[in-house]
Amino acid sequence: MTYFRTIGLITKPSDILLADTVRTLLDYLHARNKEVLVDQSAGILLQHTGSAGVCRQEIARRCDLVIVVGGDGTLLHAARSLIDHDVPLLAINRGRLGFLADISPDDMIEKLDKILIGRYIEEHRYLLHAGVVRANKTIADSDACNEVVAHVSGSVRMIELEIYIDGRYVNTLRADGLIVSTPTGSTAYALSGGGPILYPSLQAIVLVPICPHTLTNRPIVVDAASRIEVVLCRENTTPARVSFDGQADVDLIPDDRVIIERKVPTLRLVQPEDYDYFQILRAKLRWG
Amino acid sequence: MTYFRTIGLITKPSDILLADTVRTLLDYLHARNKEVLVDQSAGILLQHTGSAGVCRQEIARRCDLVIVVGGDGTLLHAARSLIDHDVPLLAINRGRLGFLADISPDDMIEKLDKILIGRYIEEHRYLLHAGVVRANKTIADSDACNEVVAHVSGSVRMIELEIYIDGRYVNTLRADGLIVSTPTGSTAYALSGGGPILYPSLQAIVLVPICPHTLTNRPIVVDAASRIEVVLCRENTTPARVSFDGQADVDLIPDDRVIIERKVPTLRLVQPEDYDYFQILRAKLRWG
Amino acid sequence: MTYFRTIGLITKPSDILLADTVRTLLDYLHARNKEVLVDQSAGILLQHTGSAGVCRQEIARRCDLVIVVGGDGTLLHAARSLIDHDVPLLAINRGRLGFLADISPDDMIEKLDKILIGRYIEEHRYLLHAGVVRANKTIADSDACNEVVAHVSGSVRMIELEIYIDGRYVNTLRADGLIVSTPTGSTAYALSGGGPILYPSLQAIVLVPICPHTLTNRPIVVDAASRIEVVLCRENTTPARVSFDGQADVDLIPDDRVIIERKVPTLRLVQPEDYDYFQILRAKLRWG
Amino acid sequence: MTYFRTIGLITKPSDILLADTVRTLLDYLHARNKEVLVDQSAGILLQHTGSAGVCRQEIARRCDLVIVVGGDGTLLHAARSLIDHDVPLLAINRGRLGFLADISPDDMIEKLDKILIGRYIEEHRYLLHAGVVRANKTIADSDACNEVVAHVSGSVRMIELEIYIDGRYVNTLRADGLIVSTPTGSTAYALSGGGPILYPSLQAIVLVPICPHTLTNRPIVVDAASRIEVVLCRENTTPARVSFDGQADVDLIPDDRVIIERKVPTLRLVQPEDYDYFQILRAKLRWG
């Protein structure tokens, strides 16, 4: 049986430090007779391939595996752009281990040898989908791999947010903001904010208040099927915005409602067969 | 349709402050033509009924509702003693609101009026079952509504615990102990230890290290179907024990394994139809 | 002996809810034959006095007591504006108890009866003085009663700050920001950020990282005589600014240095003779 | 000028891993014509010296420097036993860096070369002195380098403690216990309990509640001259004890008062001239 005939390659446009890794990877894949589609955003790296690159849409449509080489930002961006297509992702982290991937440039050939003959596991991670509703109209929406954050913008004053879960009022939060995070995001910003670690496959969402005025406003973990609604209070006078994976921002005005739900479908991550989340935790958090 | 013909009544043996509440309750139930079985541990309160009380087993077998009147300790104890029988529980909290119940002596008649005509909701809470294994033999086991805690005993030195989830090594914890908590317990000791709040119906378990030596040993939330194993390290020299709901203790020796799993079946809690967990959170944690 | 012949009165310009309190206060002081200078910013409230109000400078120069009526913001602002003059402050908190004051509109007459005959204590609180140095030139400076905060501006990404204490390198912080707080500020934003409570008279400064990437970046308490330097790293690309008491902001560019030192002189606070800081803590933090 | 003619040597009795380090050290000191008094508790290591060892009292009386080789426990014990004598301490940490010492066996000769010709700094750390008062009689007392802890003993239930500072009531704490820590201890147990780091020379004491029931019971930092009183509540039914540096324990009964004050005199620590506390923090807490 043959695994992964057509492979997409996405990498950070301008990072020339990645060039060697990507060239090695391309040579390796070509030697294996794989058809490789390089994302057009790869820029300078495309000179090596002699091609102009293809658009993200074509990659999503034609590939049966997409390899992403880069840091957390590149990975999160690629995941969001491919989530609506049924294509698995394999992440190679630049330099240091990441929470999403435990393949590094150093061991990528060894790991790929096994993955390309089917010795891998497929892990499913859910994303969030969030819409910003103003006067009953959705004015913006986005997916998020890690977290959706409603937060103060350009000030150290608190904002006031009303939180609802499945239509029921939870509380009115006075804080720097609120992080609504997936298990994937629970080791990112949410952890810095005092949230717990959620095991990646757990079907749960965690709400982490950022520097809340009321000290008992602790993180809350709810079912991933919950519908979370975060409303900027009418009385709020501090500039506020909502952010998706820390990469796209929308300014909020009072009465705006941010509605957050689990995204369907889920992200398919290809992991080495010896993938061990706890080992990554131990390494990243320097346990023991 | 008639709801709840035979009703059990469990209350804290020696707490005479509860006597009035219990008498009012008995009169009310008798006026409604309910058969009431009073738990023999009710002691002095039984004089009012003119009966000798029945054993817990008979209550569990014959009743189609058990009302528990008391504090958190009484509730947790009753829940554990009834969990293996398919009988729903209704909790009346002594004086102040509890996380398990939002019926107080003051409003119990009003709420019961509705509950006894079927206007209630049934909530399911899962318990934990834990066994202590020494040299491949289970030397003790117990259920827990709130949490199982492995902890230092009678000293301020750290103990060393190895943690495994579903057979996979997580880390070696040096700490005062480890709390393994249900969602129900997440607002009890686990919250004091720095854990998150888990929504009661969430199928998840949270592991909260108590004063860990390594500051990055943060709470971890895993699926409730996980098998958690906590091993007292061979090198550990500090006295340690394991505790179930803070009520039953077993001393541990090095190499002892505490195995913790979700209990089947679940606890059936009868709640008023307007039951609102977030309202309880707001009141108990003094939000806003 | 006569205490406090000439008394200044500062209140929030447009808050008409305070009008009654201020009128009662003015009548009381006039009945006591005190000369009262009303701050010109009192606006609408001045109609009652038939005067045009005097400038803050004149208040500071001529008064031997200044009464400030308002919320935390008004208090902090007044304190900063009077700190360079040797005039004691008496704070009356609008409605609810504040950390700086335990006099409320309800008990102000009773407390003033005693204070005006000398039955009071004078408490000293130190402020911070901070300067922003760009290319060896101080481009801005300000005092702060509560805290100086270097923080991200209008984004959820981290900023990078180098911290020095008395010229010695402490660490490079990746976080939402850093709070440098007085004991007075330790119950304000610093507490929300996870900092400890510092007893008001303690000669110490606390540095509290806001949502630090490295979980071991814990709050540090140093001597109040320390010189704290916070440098926005050269590589930092996220917009950042520095804020004084959450009221005045200065945008930072890479290599900017914020230099923070204890202000001389200190703030003189007039407190009722039965002033009890722990009672305020218990009330504000709802202990017990 | 000659520094340190007579040098005491204290090491952990039975730790044979330290034998090589200690022998190297003895040879080095003898080669420098120092008179070396070895603590009699050094046990097996004394065979090398051909002497019987001297008692701790004689070391304290005759030496003008005492070198302690061992882990944190050995150091804390030695510090307490020498504090009432005016003799400086030099700590060599076994294997890994400690918060008290940044001399390791690997670099000890290099550092001693400089220290013995006067190139060192003397750092002063204060200790705590605590007494346990029962029915107006002091039934036990002890010094503590790191912390005095009142804590639950052999159970997971909370104890109830009344806290007083300088005779004024602070609050009634329901918790696993209370840590009263010096700056030296602030990076030990107090840090695990959620306390801040106190710079070593800061004249402050920090009170850190252990897993408090009330989430707003946060660490409090007070002046080192404060008199702290911790009373086990009359109603308390959970076994409790007080512990000094985690090494000596005294069982408490209701109404017992633990009175904690700064010890006079202070501990004199000899540190290398390039001693840098922040460097130790960065290394131990793995910053950056």
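Note that the chains take the letters A, B, C and D in the order they are written out, and that residue 1 is the start of every chain.
Assume a residue touches a chain if its C-beta (ideal position, glycine included) is under 8 Å from a C-beta of that chain, and two chains touch if they have at least 3 such contacts.
As the structure is a prediction and not an experimental result, all values here were calculated from the model.
*Asks:* What chains, if any, are shared contacts of subunit A and subunit D?
*Replies:* Common neighbours, subunit A/subunit D: B, C.
*Asks:* Could you find the chain whose CA centre sits the greatest distance from that of subunit C?
*Replies:* B
*Asks:* Consider the two chain pairs C-D and B-D; indicate the one with the greater count of contacting C-beta pairs.
*Replies:* C-D
*Asks:* Cα centroid separation between subunit B and subunit D, in whole Å?
*Replies:* Inter-chain centre distance comes to 41 Å.
*Asks:* Quick one: report the Å distance separating subunit C from subunit D, using the average Cα coordinate of each chain.
*Replies:* So the centroids are 37 Å from each other.
*Asks:* At which residue positions does subunit C touch at least two other chains?
*Replies:* Residues 191, 215-216, 218, 285-286 of subunit C touch two or more partner chains.
*Asks:* Examine which chains touch each other and state the graph shape they make (line, ring, star, complete, other).
*Replies:* Complete.
*Asks:* Which part of subunit B faces subunit D closely enough to touch in the complex?
*Replies:* 149, 151, 153-157, 175-177, 189, 191-194, 210-213, 215, 239, 241, 243, 246, 249, 285
*Asks:* For the complex, give me every residue of subunit A touching subunit D.
*Replies:* Answer in residue numbers: 215-216, 218, 286.
*Asks:* Which subunit A residues qualify as touching subunit B in the complex?
*Replies:* Within the complex, subunit A contacts subunit B at residues 165, 168-172, 191, 195-199, 201-204, 206, 214, 216-223, 226, 276, 278, 281-282, 285-288.
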